[in-house]
């Protein structure tokens, strides 16, 4: 099934504002989704590392790993910069 | 000759905004003027002490003693309180 | 009361200050901060527009949390955060923070604290656009050092 | 540029902020402070009016000196102090301070510093008037401690 992943900040330079990823209907670990994304865009590896890219699932910032299913909202973004 | 001394802040509670003091035409030390004023209003002694009363002569705040003549502007005032 | 507002259009800091002064509950001290978009970047290059990307949920939530923390931590009676999103022209306000308190030090500290947190913890992604394209603006070491002051 | 203004009539802090934002020379950070007359005194009693006695020469001179020191010490590009004198009704502004700087910390520090100095070194004599007469308001131990922070 298709999961539409969204990107904010630096990762959007490479992935655009969103990208569709084929994932199992039962879901997959967030870490695995991350690996698939970086595999498809090797230039993103450096960006993810240098700019502290984090993920949010259903609008909650995730530290550690979680299971991600196609019905969830998944986003990756670089560090915040407000004010 | 007459010197019109002005008062700001706490000392004005006792002396009003100004008071005329008879002084020699040749002037007198500021310390002596202060003594004369306090002698005429014993209640002012405590005010002068507690509220850090200072003097200005010709718009300069005076620390230490100076000679004061009748043509000069002499003022006594308690501590400042702005803002 | 702590309030946070995301604002897609230019806003007037003076109008916000006027409203804030009216709403404050009898407190004597009001500190405000206005951050304005500059026409030069960190490297001195021309900036034609600043863009502030934002998140449909996380941005307002992060602002509200920071405003609430500022109010609670310093016991201020009113705290307001207004933050632009989208395209900001040089000279326009990016952010307005106001804090009202009985004692002026609390108001200063609350506004200062809120600004430090917004810099690194408000969910925005900032880009300076110029003749040669855009570049992302991340918090500086200074911004991180400013934030670290509050962690004691 | 540092400016200090003594003001015998009520003034509008928002209008001052608007003017200040226009005059600033491209700097990104503006901090302002507004001090308002309260309707309750330190002891909780009703205050009907606050009177600010001033000196025909020393008051403006002390304000100008403090503004200049604030600007120089923190390298801010613009600093404005406006201070009421005479009778001030509750809710009216007593003092407005604004500082513009490239870096927000300098603007915060300059406004904070200027307020601390105004409290104890600006040549005003303040009285709260209430139903039972008036009482003089002197700087508190807090005010003196605030000022002492800057002497290092």
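Lettered A, B, C and D in written order, each chain numbered from 1.
In this text, contacts are C-beta pairs under 8 Å (C-beta built on N, C-alpha and C of every residue); 3 or more make two chains touch, one makes a residue touch a chain.
This one's a predicted model, so the numbers in the text were calculated from it and none came from an experiment.
Enquirer: Along touching chains only, what is the step distance from chain B to chain D?
Expert: Minimum step count, chain B to chain D: 1.
Enquirer: Distance from the CA centroid of chain B to that of chain C, rounded to the nearest Å?
Expert: About 50 Å, centre to centre.
Enquirer: Report, in whole Å, the distance between the mean C-alpha point of chain A and the mean C-alpha point of chain B.
Expert: Chain centres of chain A and chain B, defined by C-alpha means, are spaced 76 Å apart.
Enquirer: Mind checking the centre-to-centre distance between chain A and chain C? Centres are C-alpha means, answer in whole Å.
Expert: That pair's centroid distance is 27 Å.
Enquirer: If a residue has to touch 2 or more other chains to count, which residues of chain C qualify?
Expert: Within chain C, the residues that touch at least two other chains are 35, 115.
Enquirer: If two chains touch, include that pair; go through all of them.
Expert: A-C, B-D, C-D
Enquirer: Under the stated contact criterion, what part of chain D meets chain C in this complex?
Expert: 12-15, 17-18, 21, 24, 26-40, 103-105, 107-108, 111-112, 115, 142, 146
Enquirer: Provide the residue numbers of chain B that touch chain D in the complex, in ascending order.
Expert: Residue list for chain B touching chain D: 8-10, 12-13, 51, 56, 59, 61, 75, 77-83.
Enquirer: How about chain C: which of its residues touch chain A in the complex?
Expert: Residue list for chain C touching chain A: 35, 52-53, 55, 57-58, 61-63, 83, 94-95, 115, 118-126, 136-139.
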